[in-house]
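First chain A sits with chain B, and in the next complex the same chain sits with chain C.
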Partner chain A sequence: MMNKLRILRFLLEKEFKQIKRDSLLLRLMIFIPLLQLIVLPFAANFEMKNINLAIVDNDHSPISTRLTDKIRSSAYFNVAVEQKSYESALFFMQKNKADIIVEYPSRMENKLVREGKASLSLTANAVNATKAGLGSAYLATIIRQYNLDLTSVGKTSSVQVKSMYLYNPYLDYKAYMVPGILAFLLTLVGGFLSALNIVGEKEKGTIEQINVTPVPKSLFLLSKLIPFWVLGLFILTLGLLLSWIIYGFVPVGRLWVIYLFAALYLIALTGLGLAVSSISSTQQQAMFTMFFCNMLFALLSGLFTPISSMPGWAQTITLFNPVRYFVEVMRMIYLKGSSFSDITGYFLIVCLFLVLFNTFAVIGYRKKS
Partner chain B sequence: MKQFLSFLQKEFYHIFRDLRTTLIMIVIPIVLVVLFGYAITTEIKNARFVVLDQSRDVTTRHLIDRLDANAYFDFYKQVENFDEIETLFRQNKIKMAVVFPPDFSKNREIKTEIQLLADASDPNESTVLIEYATSIFQSELRRNSDFTSVGIVPVVRLLYNPQMKDAYNFVPGVMGMILILICSLMTSVGIVREKEYGSMEVLLVSPLKSVYIILAKATPYLLISFVNILLILGLSYFLLDVPIVGSLWVVIFLSLVYALVALSLGLLISTIANTQQSAMLICGMALMLPVILLSGMIFPIENMPWILQVLSNLIPARWYIVALRDVMIKGLGIIDILPELTILLLMTFFLILLSVKRFKTRLE
Partner chain C sequence: MNNVQLNHITRSYGTIHAVRDVSLDIRSGELFGLIGPDGAGKTTLFRILTTLLLPDSGEAKVCGLDVRKDWKEIRGIAGYMPGRFSLYQDLSVEENLRFFATVFKTTVKENYDLIHDIYVQIEPFAKRRAGKLSGGMKQKLALCCALIHRPRVLFLDEPTTGVDPVSRKEFWDILSRIKKQGITIIVSTPYMDEASLCDRIALMKNGVCLRTDHPATISASYPHLLWAVCGADMYSLLLDIRAYPETYSCHAFGDRHHLALKSGKHEMNDLKHFLQGRGHSNVTIEPLVPSVEDYFMNFEEDKLCM
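So, the complex of A and B:
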């Protein structure tokens, strides 16, 4: 036992020296994730606050003018440019300068007074479906509110529907993205970099030297795993600090739960990376395989789009995606303050992944070629 | 010419011998199209909600049934108190909770309220959920009372993409990403690997001109990306029903121009990097990530802070995606995308100039 520990210590010394000496790689390894944490939340923003409108007012009545003012004062819309005709507004839209055209028909007020009902047309550029959908939903809300204002002179509805936004009352999209991105960063460090490691030794031929030594393969893999584990936890700490300094986000839940989960998760992902590494023969191949996996993981993790929106078969696939659980856990702890007992199920799952991936790694790595 | 051809043959052997990588190169576009076409949507459905019903009368039961019948919502269960709601939220089991006060039916003609609690972790989703639940309840309550609906009714028309398919938005984006991935990343790694192995020296002392060496490296990847372009277009046309309104030739021409930009980027990187790992990291950091994030492929550019918007102008994929959308979906002609084409060609020219310059200094 003591002997094994001694071997491990030497192997680790070698690994850390290797990482330290490749100064470009080390700098990239720390710099890239942090850059992502700074840039991503600003870029990955589905917050729809910059919807551009073109307004065609054929009515020119007090009612239409007041509605226009109401739309203008809403925070969702960026600019609302008046256009002379529907055709000119359409041209404006083709130039990508407007997302939605609001057109009041002529004699709208007249009709509204006489018949109690009038229609106005919203034409949305649906190339970006999310924007078109949310934009027209916002407009519909404003119009409904406006209708209530108009009718409230006579009657008010006696039932009020009150809504409360829990956990993220200011509807800050960054508060949603930052914990998720932190989770994804650890995935990149644990999975991607470790995948290039063993195969790099293979390409250089140095793995032969390890293979002829009596070092057992589990010990060798352990020595490969530990540096990335340390690096991952280091980046997690840095990421937690940065998201506090830059964005002012502090997890509502307990820090130790985050660390415990991240520690287990990193071992699992590093195991996957090492498994890929040992079944690849070139770095290009390992990188491509990992790229493929990571792409699938990222898209099917719920990081960018909600899992509940996916069709049944895709939701089933996400069950086998470790990233999904980590993203969820990070968001739960960060925003909702979920405790250890709330997420014991997630802990069990990550342990399963840990055992599975690392078994693959040990089986995949052969000393004989 | 014969020399060049045999050189080309060598490059093809290199690529096709690595069966797994070749397979992934072909499979990635297919997987992306299928995923984006069917799985990646922001459309909300089956959001689970619980009800804390303190009156349990006919009206509340009716309202719950109405909400459950909507495709957006899925009734999870009745709960007894607020603590239970809180726990379910923290365990990520539900997205929304509806709270009815006691004696709802009795008080509804006088004054009462319905409370909607949403998990706003995801701001967009919660906004839409609240918006829908509110309008369902209001229209339902209004129908039961003598309250006649008065007012302006918006009629929504969706242009260019009437079924609101996200596919229209992302197919151009996926093409932009795949071409960068194959043309830039694979080319640069392929060249740098020869450097690392030391076989680059051998090639450089051969009588073959260095231009041909580079050309031979680039041709197979250009060919593969051409296959990929056709594959993506075919899949999105036949599988996802994404139309190609404009001319197919313009689409192909535009894609080839973009592939050239990507290739010249790959060349430039191969003159900078000395190891495969750094080539990959540079490609990943300087190309892939910006393409995914800043090109407007997934995330709207208008939402970004101005500095990122300025940066996005430097990303070739941004211009390509805009032009491709114009041609494919809006059906504009080649005249309308001239500015984008010019920018892409200028970028190619500049990048090749830069890499030729660097390539020469390396030989000295």
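So, the complex of A and C:
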């Protein structure tokens, strides 16, 4: 046992020496978290601003003018033009100068006063589906609000709906993205780097020289996993610091819960990297396999798009995506302040992945020897 | 005893028979050569003996240890230098040496006497990364790393391939010194001229062992009288000799052709006349002592005639 520990120490010493000498890897390790944390939260922002509106007012009444003013005062919209007719507004949309056309019917005020209701039309350019969808929804909210204002005049008993956004009161998209990106960063380090490193030894033939020594395979693999586990936790620390310095975000929940989950998650992911390395014989193959995995992991993790809006079958697939759970856990701890007991289910799942991936890896390597 | 035994070893990769029914008995302390062209199955034999590969059938023993059952023990007593440089290129010379010493649970100091002769030549570059060494230096470092745990059997897979003639000579000198330590050395090479430097050799081709014996015995058993032929236009000379009815075989060997005739007591003047008739004036023909390579080429020839 002591002997094994001694050998492991030397193997680790060698690994860290090699990592230290890989100047590109070191630079990437600082650069990637920095870049991802600075650029992505801004770029992957689904908050819609600067939606261009064309308003066709066929009514020209106090009510319609007030509604236009109300829309104008919202931060989401630029009222590009007020058009005389729907056709001319449509022409504007074709030239990409308007995203949504709002048309008030003639005699809108009249109808409202007499019949108590009136309808207006919204036409959205759905080439950018997100902009069209969100823009229409924002507009509908404004109009509903306006409606309430109108009806509540003189009627004190009317029901008022007031929305409150829990945990992220100002709907700050960045507060939502940063924890998720941190989770994805660890996926890159744990899975990608460990797979590439081992396959690199295969490609260079150095693994052959190790295989003829009495070093047990398990010890060799351990010496490959531990450095990336340590590096992963280092990057997590760096990421936590960066998001505090750049955005002022600190997790509402406990740090140790994040670290504990990350530690288990990294073992799971390095296991996956190991499994991939057992089936690939060149770095190119490993790179391609991991790239493919990461693509699926990223898009099916709920990092960019909410899982609840995916079709049922895609939601089922996300259940098998470890990144999904880590992203959720990070957001819960960061925004909601979830404690260990709140997320024991997630801990159980990450342990399952840990066992599963590492079993794959062991099977993959056993077949070879 | 540091002997190595192979009994009817067979190994295929899919439909390709890499090694077919090879039996060898390599004695303790011997410098044994596996001689054969690329694809002869030399590397496969090495990989089986160093426990990197299991044979399909047959049994192999290194120092009396079975490659299937006792692979762990074999890994402790065998030294292996693969054909491709496979040390850590991003570690320095001394770091590589120290690393391999520790994974074999020993220290550089303990066995330094064994590698001293070789190591002094690369010592000036001890701090240099292994990847930045010249070819010959890499070779010496790899040999040091394979020797650092004082193995009982040393396996060297084509150690001189791609190495310049001076370094090759040096390398074989080193091997004979290592042999004096009682270490059994098994070395493979595609160069037939290196065969004579071994105590015994096995000639291999297409996974089959053709013959095992002392190199001198093998070359002496060459069945024909052999002549060396030189001329001005060597290529057309070769074609014309082959066109000569009495020619058994003729091969280009560097700057001369090795010629074997069908009957032993042939008058060389007849050949000279024949060649003169075809425009070769200054042809010299001399008797020649056959080498292992002649034997190997003849083996091919015989197989074609059969």
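The definition used in the following text is that the second predicted complex is superposed on the first by the 339 of 369 C-alpha atoms of A that agree within 3 Å, B and C clash if a C-alpha of one lies under 4 Å from a C-alpha of the other, contacts with A are read in each partner's own complex, and residues count from 1 in each chain.
Keep in mind that, in the parts below, contacts are C-beta pairs under 8 Å (C-beta built on N, C-alpha and C of every residue); 3 or more make two chains touch, one makes a residue touch a chain.
Since the model is a prediction, treat every value here as computed from it, not as a measurement.
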{"item": "Combined model on chain A: chain C and chain B, fit or clash", "value": "fit"}
{"item": "A:210 touches, of chain B and chain C: first, second, both or neither?", "value": "second"}
{"item": "Superposed model, angle subtended at chain A by chain C and chain B (C-alpha, nearest 10 degrees)", "value": "80"}
{"item": "Partner chain(s) touched by A:332 [first = chain B, second = chain C, both, neither]", "value": "first"}
{"item": "Which of chain B and chain C A:21 touches, first, second, both or neither", "value": "second"}
{"item": "Partner chain(s) touched by A:11 [first = chain B, second = chain C, both, neither]", "value": "second"}
{"item": "First, second, both or neither for A:39, with chain B first and chain C second", "value": "first"}
{"item": "Touched partner set for A:289, first chain B, second chain C, both or neither", "value": "first"}
{"item": "Which partner reaches more residues of chain A (counting touched residues only), chain B or chain C", "value": "B"}
{"item": "First, second, both or neither for A:125, with chain B first and chain C second", "value": "first"}
{"item": "Nearest-approach distance, in Å, of chain C Cα atoms to those of chain B in the combined model", "value": "13"}
{"item": "Set intersection of chain A contacts, chain C complex versus chain B complex", "value": "none"}
{"item": "Contact set on chain B toward chain A in their complex", "value": "18, 20-21, 24-25, 27-28, 31-32, 35-36, 38-48, 87, 89-92, 95, 108-128, 130-131, 133-135, 137-138, 141-142, 147-162, 164-166, 168-169, 181, 186, 189-190, 193, 196, 276-278, 280-281, 284-285, 289, 293-294, 298-300, 302-305, 308, 322, 325, 329-330, 332"}
{"item": "Interfacial residue positions of chain A with respect to chain C in the complex", "value": "3, 6-7, 10-11, 14, 17-18, 21-22, 204-206, 208-215"}
{"item": "Residues on chain A engaged by chain B in the complex (per definition of touch)", "value": "24-25, 28, 32, 35-36, 39-40, 42-50, 52, 67, 78, 93-94, 96, 108, 112, 116-134, 136-137, 139-141, 143-144, 146-148, 150-151, 155, 157-169, 171-173, 175-176, 196, 200, 203, 280-285, 287-289, 291-292, 295-296, 299-300, 304-306, 308-311, 314, 328, 331-332, 335-339, 342-343"}
{"item": "Contact set on chain C toward chain A in their complex", "value": "50-52, 72, 75-76, 78, 80, 82, 84-91, 95, 99-100, 102-105, 145"}
